[in-house]
Every structure is written in C-alpha cells, then in structure tokens.
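The structure under discussion is supplied below as structure tokens; questions concerning it will follow.
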Amino acid sequence: MVQKDSYITEGSPYGIYKLRVEGLNLYYGTKQALKDISIKIAPNTVTAFIGPSGCGKSTFLRCFNRMNDLIENVTITGSVMVDDIDIYKNMIDVYQYRKKIGMVFQKPNPFPKSIFENVAFGLRINGESSKSVLQGIVESALRQAALWEEVKDNLNKSALTLSGGQQQRLCIARAIAVKPSVLLMDEPASSLDPISTAKIEELIYQLKDQFTIVIVTHNMQQAARVSDKTAFFYLGELIEFDKTDKIFTNPSKEATQNYITGRFG
Amino acid sequence: MVQKDSYITEGSPYGIYKLRVEGLNLYYGTKQALKDISIKIAPNTVTAFIGPSGCGKSTFLRCFNRMNDLIENVTITGSVMVDDIDIYKNMIDVYQYRKKIGMVFQKPNPFPKSIFENVAFGLRINGESSKSVLQGIVESALRQAALWEEVKDNLNKSALTLSGGQQQRLCIARAIAVKPSVLLMDEPASSLDPISTAKIEELIYQLKDQFTIVIVTHNMQQAARVSDKTAFFYLGELIEFDKTDKIFTNPSKEATQNYITGRFG
Amino acid sequence: KAYKGKINIDGSSSVYPLTEAVAEEFRKQHADIRISVGISGTGGGFKKFLRGETDISNASRPISPEELKISRTNGIEFIEIPVCYDGMAIVVSPKNTFVDYITVAELKRMWSPQSQGKINSWKQVRDSWPDVPLNLYGAGTSSGTYDYFTEAINGKAKASRGDYTASEDDNVLVQGVSSDIGGLGYFGLAYFTENKAKLKLVPVKYSTESEAVFPNDSTVQHGKYQPLSRPEFIYVNLKSAKKTYVQEFIKFYLEHASSLAQEVGYVPLPQAVYRLSHLRFTRGSTGSVFENKSIVGANLLQLLSKQE
Amino acid sequence: MTHLQSELKLLKTDIIEMWELVIEQLDKSLISLKTFDKDLTREVVSNEKRVNAYELKIDRDCENIFALFNPVAVDLRMVLATLKINSNLERIGDIAEGISKLITSEKEPFDQVLLECTRFQLMFEAAILIVNDALTAFDKEDTKLARTIFKKDELLDEINADAHQFITIYIKDHLDKTEQALNVLSIIRRLERVGDQGKNIAEEIIFYLEAKVLKHK
Amino acid sequence: MTHLQSELKLLKTDIIEMWELVIEQLDKSLISLKTFDKDLTREVVSNEKRVNAYELKIDRDCENIFALFNPVAVDLRMVLATLKINSNLERIGDIAEGISKLITSEKEPFDQVLLECTRFQLMFEAAILIVNDALTAFDKEDTKLARTIFKKDELLDEINADAHQFITIYIKDHLDKTEQALNVLSIIRRLERVGDQGKNIAEEIIFYLEAKVLKHK
Amino acid sequence: MNRKHLISPKSQDKLFKIFAALCTGLVLLTLLVLLIDIGIKGIQRINWSFFTNLPSRHPEESGIYTALAGMVGLLFFTVIIALPIGILSGIYLQEYGKRNKLAKFIEINISNLAGVPSVIYGILGLQLFVRTAGFGNSILSGALTLALLIMPVIIVSTREAIKAVPDSLREASFGLGATKWQTVRRVVLPASFGGILTGIILSTSRAIGETAPLIVVGALAYVPFVPEGPMDQYTSLPIQIFNWTSRPQQGFVVNAAAGIIVLLLFTFILNGTAIYLRNRWYKKTAI
Amino acid sequence: MNRIRIRSEKVIEWIMILCSLVSVLTTIGIILVLSVDAFKFFKEVPFVDFLTDTQWTPLFEDKHFGIMPLLSGTLLTTTIAILLAVPVGITIAVFLNEYASKKFTSVVKPLLEVLAAVPTVVYGFFALQFVTPLLQKVIPGLAGFNALSPGIVMGIMIIPYITSLSEDALRAVPKSLREAAYGLGANRFQTAFKVIVPAANSGIVVSVILAISRALGETMIVAIAAGQQPRLTFNPLESVETITTYIVQVSMGDVPQDSLEYRTIFAAGITLFAFTFLLNNISFWMRKKYQHRYE
C-alpha cells in the first residue's frame, strides 16, 4: 500500500505554512530543553537551524516527526502543526504520520541490506511487494538523490560497501522513497569530507523544489550556502529567524551576530 | 629526567628549515600512498595540509614522528629530516625521538586519568617524579594551552569530565609538556563544535611562536585561517605548496583551484 | 593447627556414612587427629589404598583376587575388618499394586544379561502380572552394591543387563522408582528407610517354596534375608595400623559401629564379630578371609574364627 | 554546476545587463549631442535610475555571495572585480547622465567648430568603444582584448590634453560661447574619465582572470 | 580577540594611516595653493605613490581577509566598506595630486580675485573637513558625525555650481587669464568631487555600522 | 496493488509485545519458583552454626565451615594461577601479536577452550594433575583444573576490555615517546581495568559453581577440617551440596537447600560486584 | 639505559608469549589426554562398531560400545533445550532491547543473569524434583527420568546466555538504524525484526552456537534428571544418558584405570570434544567474519 496522498508532494493546500510551531516547550525530565518556541516554515524552502552545541537544535528538529517519543521522560507543551494538523494533540497514528516526514541523520545509517532493499524498505513495511512497483520507485528515488548513475549496476550490493558520501545520499533516497513532504536533516554532512559535503549540499539545493527541508547544521557556512531561512537557537530559545542572507549580512540580534562572527564565549 | 635540550624550543640552530622531506615515497604493502614528496618547512610557522579524503595527508603527517612504524608492511624511501637529521636513516631511538615531536589527534584522546596526570604523563614515562618539577611543567603547559584558568582548581578531576574542546586543549597541553619543537595535528578540531574549534584555532595561532606546527585539516576555511603556508595533496602527490593567502587567492595549479573552489568531482 | 596425626580414608560410598559417623564421633574426643573420608567407590578406594596413599579403605565387598595380586606386588599388607551389614531393598512404586513378593529367580529373569532388550514387561516375568512396561533402576556399575547384587542374583559379579537406569546416586533412584508405576529398583536399605513414604518394599523369596522375607535388622543380621544382605568392610593398612592414633580410631570404630550403624540405616553385626575383629586387628592378622570364597550367604563369625 | 557557480553566473548576467544599459546611455548621449535631441537626453537622465538600481542590486548580491558562499581564488577575484566594475560602471552611468544634463541645459545646439576642433565625436566614440570592449573582454574572459583598452585610453587622454588648449583658444575667439565651451570642456573631461573607468575595468578584468594587479603600474 | 578581529584591526589601522596621508596631501595642496609653494606641490605629487601603495595594500588585505577569514555580518560590512573607502581615498589622493600638478603647471600665482569670488579657500577647507570628519566617524564608529557630512557636501555643491557662473564671467573680464580660470574651475570641480567621495565614504560608514544603504536615496 | 498484511502491522506489534512479555514473565517466574523452592526448603537451616559447624551425619549439626573454607582456598589458588597467565596472554594477543601467525593460532585455541565442556577439563585435570603429576585429590589439583577452565574466560574478557580502549590513546602515548610496555602498563591497563576486573569476577563466579570437573578430579569427600595448604584435601560448597543431596535423609535436603542459598548469595554478590564495577567504570572511562 | 629498556621490553614480551602458550598447551593437553586413551580404546574396539553399534553397555557383561545411544541422548536434550531457549531467549532480547523501558531492562537483565549464575547442581534437582512431577501431571506417560524435563531446565538455564549475548548484539546495532527505521514509519515490531535483528544476526547466531555448545557440555542437570540409561531414542519422554553424564558416572565410580571400561570415557569425551570443537570453530569464524561491521 503505497501512500498516494499526492497532496503531500505538491505543496500544501492548507495554510501558507507547511510547518507551524506555537509556544513549544520541551522538558527532558525537569530540564527544559526548548523554551517557548514559535516558528512558521513555508513549503518548498530550506530552513537551517544553527546555534552552539546543546542549544536544542536536534531536539527541536525531532519534534517534527515525534522522534522524541522514543526517549523516556520527555514532556512537550505547545503545538506543532504540520499542514495545520497538530501532530501532538490529535489522535494521529504516529507510525503512519512519520512516513510523511523523512529524516536523514548525522552519520549515514544505511541498513545492512542491499542498496535496493534499503530504498525499498519504507515501501515494504507498508506492504508493497510488487517487484515492478518497487523497482520504479527505487529508481526514481535514487535518481532524485543523484545516486542512480553511481549504483545502478550494483543495486544488489550491500549498502555498506558504499563510501560515506554515497551512503548519505542513499539514506536520502531511502527517505524520499516513501514520498514524504518534509525532509528533516540533522547535520547530514558533518561526518563527510568536503567533496561529499558539497554533493549533499547541491542535492539539498535541488530537492527543495519538492520538499520542505529543515536542516540542522553546526557549520554556519553550510547554513549560509544551502538555506533560504536560518533560525538561530541559543540555550533552548529561538533567538532569531530570518532570511539567511539577512542573518549573515545583518542579523538583528547581537547574540546572532556574535555567534556567526565567532565572537562567542 | 626531564629533557633539558633547550634548543628544541628555541628555533633551529640547524639549516633554515625545521623539517625537510626529500623524494619521499611510502607504500602500504604494494599500494603507494605517497609519491615522491619533497617539502621544506621553516621553524615557527603553521603549515596546513589539505586535500581530498585518502590523498595521504595523515600518512604524510605521521612520517614526521614515525607513527607509521606502528603499522606493518609500510615501506618508506626518501628522507625525512628534522633539524637536518634523517630520522629514518640514522640509528635514532624512536621513542626518544618522538618526544621531540608532539602530536595531537582528530578526536580528543585524554587518558582516563586526572587532568594533572594527563599532562604529566610524558614526563613520568621519562622517569621524572619530583612533584614540584611536575607541577611547574604541568602548569606552564596548561597555561600555554590556554586551559589553566579553566582547570586550575580541578587538576585532580578526571580529564574525561572536560568538554570536547577542553579535552582537545588538554591534549595539546599534554603534547607541549614534553617540550617538543614540532607539533603535528591531525584534524584537531574536526570533532568539535564551532566555538571550540575557534578556540583551538586561536591557540594554534598563538603557539606558532614556540613551535613548528603542521596541521592536517579537511576544513579549508580552517587551513585558511590558521596557517602560514598550505600544501595541497592529491592522490598521494604534493600538488602545490605555497603561502596560504596565495593558495586561497591565486593558486598556481588548476587542481588546487578546483579543490578549494569546490569544483571537484 | 598442629595435628597429632592424620588418617586418610577413602573408598566405598556405602560404607561412607558409617565411617563418617564414626569419624565424627571420634573427632569429638580426639580433635587433634585429622581424618578425611573420601568417596571414590570401593574399587577406586582400593586403588589408592594399594598404592599406599590411604590408611583405611572403605569397601562394600571383599577385596578381589586382582586387587590382592596388586597388594602383593606392591607389598601392601592390610587387615580386613567387617563393620556392618547392608540389606539391599527391592522396591517398586507405591502405585504398583500387583507385586506382592518376588523370587530370586524372577529377579534374575529381570536382571540377567540375557534379558537385555528382551524382558521389557512385567508379564514376561510372571504371567499373573499385567503387561506393564518394566523399567529397572539400579546401582551404578562402579559401586560395591552393583557388584554384590549381580553376584547374588545373577551368580557372577558385574553380570547384568545394561539397559536400566544406573546411578551412583541413590536418591536419583528413589525419585525414579517412586514416580514410575512400572519401575523396580534396588539399593541400600538405608535409602528405603529414609524414603518409606515414596516407595513400596517388596519381600524376597529365596526360592519358590521359602517364605517371602522383608529386609529388616533381624532378618538381615540373622541371615534370613538371603541372598540380598551383605557385609561391609574397612581395610586397614598394616603400616598405619602400627600408629597409635589409628589403633585408637579402630578401637573406637569397633566399639561404636553397632550403634552408629543402626543410626545411619545399616544393620549392625553381632557383637561377637566386632570383638573378634578387634582381636584380629590388635594381633595384626593380615589378608582376606574371602580369598577364593563367595561372599553371598557367608557366615562372618565362622569365617573369621576359622582363620583364627 | 555548483550553487556558487550558478550564483556567479547570475551575477555576471546582471552586471552585463547593467553594462549594456550603460553603453546605451552613452550611445544615447552621443546621439543627442549630435542631434541635440532633448527627449533623448531626458531619457538618459531618467534611465540613470535604472543604472543606480543595478548598482545597488549588484553590490547587494556581491555582499550576499561573500556572506553566504565564501568564494575563494578565481571566484573571489570575480566577485571583487565585479564589485569594482560595478562602481566604475555606475560612474560611467553618472557621466552619461551628466553629459545628457549638460546637453539639456544647453540652449542652442553645439557649435560644430567647437566639436570638430576638439575631436569630440571621435573621443566619444572611442570612449564607448572602450566600454564595449571591456564588456566583451569580461564576457569572453579575454584578457588580450582587455589589454588593448590601455592603448585606446591613451587616445582619450591625448584628445583631452589637446582639448584644453583648443578650448582656451576657442573661448578667446568666441567669448559669447564661453559657457558652451566650458560645457564641452566639461564633457571632454568626463569622457576622459570614462576612459579612465574603462581602464580601471580592464585592470579589474585582468585581475579577475590572471590575478595580476596592474593598477598604479 | 580573535585572529579575524586582529586582522580587521590591522586593516583599520592601515586605512586610517592612508586616510591621514590623504588629508595631509589635501592640506599641502591647499597650502601650496595659498603660498604657491612648488616644492610642496612636488612633495604631494611624489607622495601620491605612497597613497597608491596604500590602496594596493589595503585592496590586497581585503582580498586576503575575504579569502582566508570569510567575514560575515558586521565584519563583512567593515571589509566591504573599507574596500570602497579605500578606492574613494585613493581617488581623493589622485585629486590632491591633480590639484598639485595644476598648481605646478601654473606659471604665476593665482589671481586673488579669482580665488575669492569662487569662495575657493572655503571650499577647500570644507572638503578637507569632510574627509577629516569621515575619518573621525570611521575611527570612532560615529554614524551621527558621518551623517553631518551630507550637509557639508551640499555647501561644496553650491560653491561648485556658483563657481561655474563666476568663472564664465571672470573669463569674459580677464581673457588673458582664461587658462588660469579654467584651471581653477578644474580644481573646483575636483574639490566638488572630493565632497562626493566624502559623501560616498560617509555612506559606506553608515552601511558598515548600521547596514543601511543610503546610496542613491 | 494494495496488498494487505496478513496481520496488520499494528496488531503484529501488540501480539509480539504480549508474547514477549509472557516469555520474560515465565522465565522470571521460573527463577522465582526456583529461588522460593530453595528458599523455603533451606532458610530454616541458615543460622550461625550452619557456617561454623563441621560436616556431620546429623543434618541439624552439619555445617559448611570446611566447605566454605575449601571453596575460598580453591578459589584463591585458582585465581592466583589463572589471573597472571590469563591477563598476560590477553595483553599479548591484543597488544603485541595482532597479526602474527602464532597469535592467530593461540586465538583459535582460546576460543575453542572457552567452549570445551567442563567435564572435559575434569578429565584433563584427573589425568594431568591428580594422576600424572601425583597431586592427588588436593586443592592444587582442583585449583589447577579450575584455573585452566576459567583462563579462556579471563583472556577473552581481558581482550575485550583492552579492545575497548581506543587506539587513539595508544597513539597519544606513543606520540609522547612511550614504549610499548609503558603504553600498556600506564595507559591501556588503567583504562581497561574495570573491564578486566569484571571479567575476573565473572569467571571466578563461574568457578564457584562448577561441580562436574571437581567430581571428576575426585573432590567428593568427608573433610572435617580446614585445608592448610595447597596439597591438602578439601571439599567445596557445590560438592558439599551435591554430597548432601545424595544422602537418604530428608534433613540433608534442607541442608543442601541452605547450602545452595549460600552459594547463590556468593555468586550474586560476585555478579553484583561485577555489574556494579562495570557500570561504574563505564561511566568513568567511557571514551 | 635505552639498551636496558629495550631488553626489558623483549623480556616482558617473551613472558607474555609463554603465558599465551599455556592455552595452546591446554588444548594440546586435552587432545593428547583424550586421544592417547581413545587411541588405545580404538585398538580394542573397532571404530566402525563405535559408530554403528546401537548399544552402549561397556560396564556390563555384554559389552557394546556404540556411541549412538549417548549421542542421541546428548542431541535430544540439547535439541529440547535449544528449541526452548532460542526463541524465548531471542524474544526476550528483542523485548528488552526494543520494547521494555530502560528501567525494566536494567532490573530484568541482571535477574536473568542470575539464572545463568545458579550452579547447575541446583538446576538438576530442580528438574528432577519440581519440573518432572509437574510435567507428569500434564503428560501421563512420562517416566520419572526423561529427556524432556532436563531439556527444558537446561533451556531455561541457557536462556540468559542467548538473551545476554543477543541483547549485546542488538544493542551494538547503532541507534541510528533504529531511528532511520522509525523515521520511515516502521513500528517497533517492524523495526525490530526487519532492521535490528537482521543487522545483529551474526551476533545472534554466535550466541545460539555458544548456547548449543553449552548445552552439549552441560553435565549435572542431565546427570541428575535425565536418568542414566543409554538408549538410542529420540523420544523426549524416555530416559536417556548423555556423554557428559556417562563421564561423571564413570568417574564417580571405581572403574579400574587402564581398563577398557576406563578408556570409554576418553572415547566418549573425544566425541563430545569434537562436537563442541566444531561448533566453536563455526562461531569463531562467524565472529571474525562479521565483527568489524559496525566498528
């Protein structure tokens, strides 16, 4: 059963914003990791989250696909709306929901299966087993992830034989294959060398036509290069959220400026 | 017995170059990892090695303190001269020799001991046990590594309680404590966040008054920021070696330009 | 702690409880004599004994001709002392209602090597018994009990069928028989005494004509429970026997064997036998009275005094 | 093509458009000078706003490229050169506007003698050619062409130097036309400055492509 | 202080030195204008090389800072502003040199009437003041001061506009001094351009400090 | 094309969860039953005299004094023998002979030894120490046998602990001019100390529970005295338990249960210590 | 001083090599001890008989030396144990790793390890006195000694081995794979069995193999509860004897040294050794092959 909810790939028919967060607070036990965060993210944009280590970027990112559910003792207040549906309040099926939100992680994490099976995974767990359907989707996902040419003759080789950069693109293909409308990326290039990093950045740049992309990065240059808008977090607060060029040429907050110019700490 | 060879910290009384490599070839088994490399590095400079992954930067760096000895099946031809002494040809005591060459690694690797013992390690293995001597050297090494103020009240705490950036500075202090004249650094900041990275870079900038520093980095910006001269490696060859500003504004080789402008691959 | 002397005892597991009890009592009076009692079976015990490693060897059968040969080549001299009787109980599960008695011939039918794989049902043993599978439980092949039982029933030591549950651990057998309606087992009377509730004791007829006899103190001591009662022994190395503390121990042993045997579930020998044995010991009469003689049905008093 | 490369391409497109606009401004100024067509001069003046807008946009874009893409080597030189060429072009635009304004303020057509003796038209055309050549050199990354500009600029300097004398003489002869003569002198000076800007641009092109600094040499 | 910050500080020191040099050039030009001291003018001309050297160095430094340190936000604006101020200063230096050259080429001292009617000295002093104020504004990061420059520049524009008329009239009266008059006009125009550069510089300072683009507004 | 799952993924998940919880519960229940069974039987016999009494034919008077002493002695010698050899070979294999053929061969040996059934060690001990070397049924024989038995465990856990020490620490040490042995002694061993200790304790707790090999080497005996040297006879707690369980009197079953409680306590304490150390050291040396 | 240091380095290395050789000597010792007597044994008993004879009665009058009954007993109890322990053990491992809360796991895992720490004698009596009577209530025809009961108890005993090792293997699967699967919308079950278990399968297989070799070598439980009757059967309700039981049985008795009967334990022992040796090598090879997957 492949998700055919075509709306999700074709921009949002809902409000003008794809993602909307209002007054979000998140606690790990008693420790508050996110403080009253509100943000609106338009569809088909790349939004970068930057900020010093431990400021809550990853935590916030994981709110969008309820990955924080996997951690014990997490309390969340406020609302996170995807396509104007509050994903925490409504009785939604979190597993079904997560299919709409692709995620790519810091370290490439291909399954120890063949390249093909990696990309087909999301479809298979959804019950799709027709070889031809799978083949079609796998190919198009790999093409979108700019990996097809490199692997088309080796679809049955283990994904672990790929290089780090290729693995990361495979992970992107895997995420794309279930046709999500949002792609979350948590430092997707931080473990890669500059050449692979550049490729991933190019890819992000190309994918934004079809997805709403949110990327966490430590590398300010990367945020600058790939994103349309940048959000600067500090100590769990969203300090500034603006167009990326604005942030990097003329941030409104002192803290942002200090951070991006390296005058911090 | 503390090394009292004061010359090593006071610049080289030998030729004008601290490090001189001529026609170096290195093979892992039958695979050639370094091809006919010649380079001359002046004392009290920071030299950065850049180049794509696997081009041999680390391998070359490790030639300077014979760390490659630890790997089997390594064949080396050509000469590596430190203070005009060929460290491979002459019957030198490699353990004694390594003390003159400090090394800092990619991941901070403090020993699971106290901060004090970490810094004192190099002296202890050399038989120094006088508490007062150790204390003096530990303090001055920590000061040089810009860490003293942060740890002076906690010298007996485990080094593992420090943050990543502090750990890396501790590792630098540890390397400095044995009074080497050369500091080798293999991607010393690649696992750190931007703020810690900036601190390490500042430190390198300050340390070059006393040491000859060679740093491998994946981050071209970092090479640009910290180094006086930059060497670009590609497929085991030294493509270009020049002043850093020259490399970054007007490299002479097409390959260098392609690499630093991201037009590679 | 300094000991005045050490006595090493090893051997039979059947004699072990008695020797242990004696050692324990003896220790109360002579705490400065160190006694250890090992369990390695009669045969294992003799092996060490004949190498001169132990002072006393427990045995649930007399020394064998082969062992005697070794004793001669090794130059080990010993004094043989019978210490108690042990009756062998034939038991079935309490759930078994059809067995009233059993004859020696029937036992042989059950246990002889020829029956191996053939006699599998009670009916094959006696027609009046039902066609219930026959499951046998018996002493492990390295025990004196096994040797004695095979000799007494099948006429030749160690001649037994092999397809039965053989265990050195009699509790295991108790457990096995008690829960098995078709089970029949044999082991020392002591084990039955302690597990009366779980087991049913079967009286034994020496021949079809004679009466069925239950094993108990009197039937055993008076030789009525035939052929399944046997004497048990200790063998003392002559060299050790010269040490005063060993003499002390043996004296104590023979004085208290009667009461302690009862306590641990064995049948004491007649008092005369104990006295005679002590006399033989003090005299240093070496050798075995059972050389070239069967032990089954033997009268100890006669044998011992004949030697005299 | 990397993201940076496409940004650089956009930048190049923009500056070339601006460049063409500036050349058009010069062209129009020249025509209006010859035809004394004040509509055309007013067009030039009003178009100057577009030039300015270009300047601002390109400045802004360069700034963004610096901030976001951290160009190095040839890319960096390209952006730096563009930044400078941008202000040079803007100044040429200013000059075109200035000339047009002067023409507009003139009450009667220019004295043909005055124009001829100063080799005015030749100078104007040479100036336009310089800007044009510079554009071609930039677009085609042709440093050889760029180098020819220095020669062409010498012609302008020469005309300019001569013009001063001619004007002094001319004024003495035509006192009533002092004002017009002064205006022509002013235009000539400006054209000379167009040449200078062209030279600057050529220098920037060579800097961009060959990393050689010719300025002040 | 980070490495970048110390580089920026060095850059600032350099440009301030250049700035002071340029002001000195203007000062000297003014004095030589008043005293007709040709030694001083020659000094100015020869010092121009130093100004040029500064320009090249600062350009180079800015390029290096871009390439090596990737400045963003205020740092980036500082370097960009410096880059522009640099070329403005160089141009002011050129103007000072040009004025000095003109003075050198003059055979006789300037006609006092000519100078006075054109409010020449006032203009010169105002121009110098503008450059000076700009320097102070830059050094002290004082945008208020920078904003005052726009007013001051208006004075120059006014004087310049008037001067044209005066000169026309003056020439008609003193035909023999046409050349000198033209030279004075030329100098005045240049001073006006110093004002323009000063205004540009002020704009850059405001851009640097407030990220506001005032140009063309 | 919408092929439905046979069972919907959601109920699959639920069903498995129930099944798994059931499994876990049952196994824990078994443990509980076992412990309660033993506890009920044995707890009445646990008192001071149980620890101080010598073995006796009267269950109520019989104690585990000698068995405990024997066990401690046995373990002491076992550890004394196995520890240095085990740790040194662990170090050798992990740090020195990483690639050479000898080390590879030894490694295969060790991995095999770790899987050899304990009875086989019993046979080895019987032939080698009891008979050939003539140590008889002494503590030394038992300890040697057990030492061989737990040596692979010590070697393997030493290696694992050492392997967990990142190479970067070694490189750091070499970089400071340390020799190989200095590196091992001053960096690798301290950093892996927790892991090694855990391994030792776990292997000791294994040695405690071993019965079969001791039976094979002949430790089943009445030893009413505390062994005084390695050549003395001994008895050990599991042997004592085994001995008691084979007695006909019910009272000894109670004793056996009580002995089991003590033995379990011993193993729990050792295991608990190991777990505690493991956690503590992981926290401290997590690298 | 350097010379001394380098020399002492060498000395230390040699000491370590010697220590390492102890394990080689142990292996050689085991093989020698077993094979010398086994060799003598096979001089008297034809190897073919050893393999093909269906009876094992070396201690009786009518001597048969067919290893098959002992082997069948061994394999039967092992099979029962493995059939119980593998599914349950892996299920628990998955449960603890994927479903249960950290707290629950941190309590249950040590408890399970307690199961592994219980001396096997204890299990033996547990099987005989608790499990067998319990089973007899369910299965009427069950003999007092049978393969089933010790098989089950042995299974319970080795569950912790499988759980512990499998759990380690599961835990070694990087958290990122789990997150990736969840991120793709997989539920816990799918994540566990489509991603984590396959990723950890080599570790799990190794744990199973080790458990098998453990079950093969287990002695006291079967010695106490399986009966000691060598019988060629695969009926779990009957009593059987395993190789290990036989060895203990003989060594508790008084079989004379240097007799044929005595040598039977070596013949049996070497058979057992061969089996475990094979399994160990398989697991060793598997571990070597897959161990660097996630490092």
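As written, the chains take the letters A, B, C, D, E, F and G, and residue 1 is the first residue of each chain.
Definition applied: contacts are C-beta pairs under 8 Å (C-beta built on N, C-alpha and C of every residue); 3 or more make two chains touch, one makes a residue touch a chain.
The UniProt protein names, listed by chain, are A, B = Phosphate ABC transporter ATP-binding protein; D, E = Phosphate-specific transport system accessory protein PhoU; F = Phosphate transport system permease protein PstA.
All values derive from a computational prediction rather than experimental measurement.
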Those chains which touch chain D and also touch chain A: B, E
Taking each chain's centre as the mean of its C-alpha atoms, which one ends up farthest from the centre of chain E? C
Please state whether C-G or F-G has more C-beta contact pairs across its interface. F-G
Can you compute the centre-to-centre distance for chain C and chain E, using the mean CA position of each chain? Integer Å is fine. 128
Centre-of-Cα separation between chain G and chain D, whole angstrom: 91
CA centroids of chain A and chain B: separation to the nearest Å works out as 37
Rounded Å distance between chain B and chain E, as computed from the means of their C-alpha atoms: 49
Note: chain E residues in touch with at least two other chains are 2, 4, 63, 67, 70-73, 76-77
Show the residues in chain A shared as contacts by 2 or more other chains, in ascending order. 95, 125, 198, 220-221, 224, 248-249, 262
Which residues does chain G have that touch at least 2 chains other than itself? 187, 190, 252, 257
Looking at the complex, which residues from chain D come into contact with chain B? 2, 4-5, 70-77, 211
Taking the complex as given, what residues does chain D use to touch chain A? 2-4, 63-64, 67-70
Listed in rising order, chain B residues that touch chain F in their complex are 65, 67, 70, 72, 95-99, 101-103, 105-107, 109, 111-113, 121-122, 124-126, 158, 160, 171, 174-175, 178
Considering only the defined contacts, which chain G positions touch chain C in the complex? 55-57, 59-62, 64, 128-129, 132-133, 136, 143-145, 224, 227-231, 239, 249-250, 252-257
Using the touch definition up top, name the residues of chain F that touch chain B in the complex. 99, 166, 168-169, 171-179, 182, 186-187, 190-191, 284-287
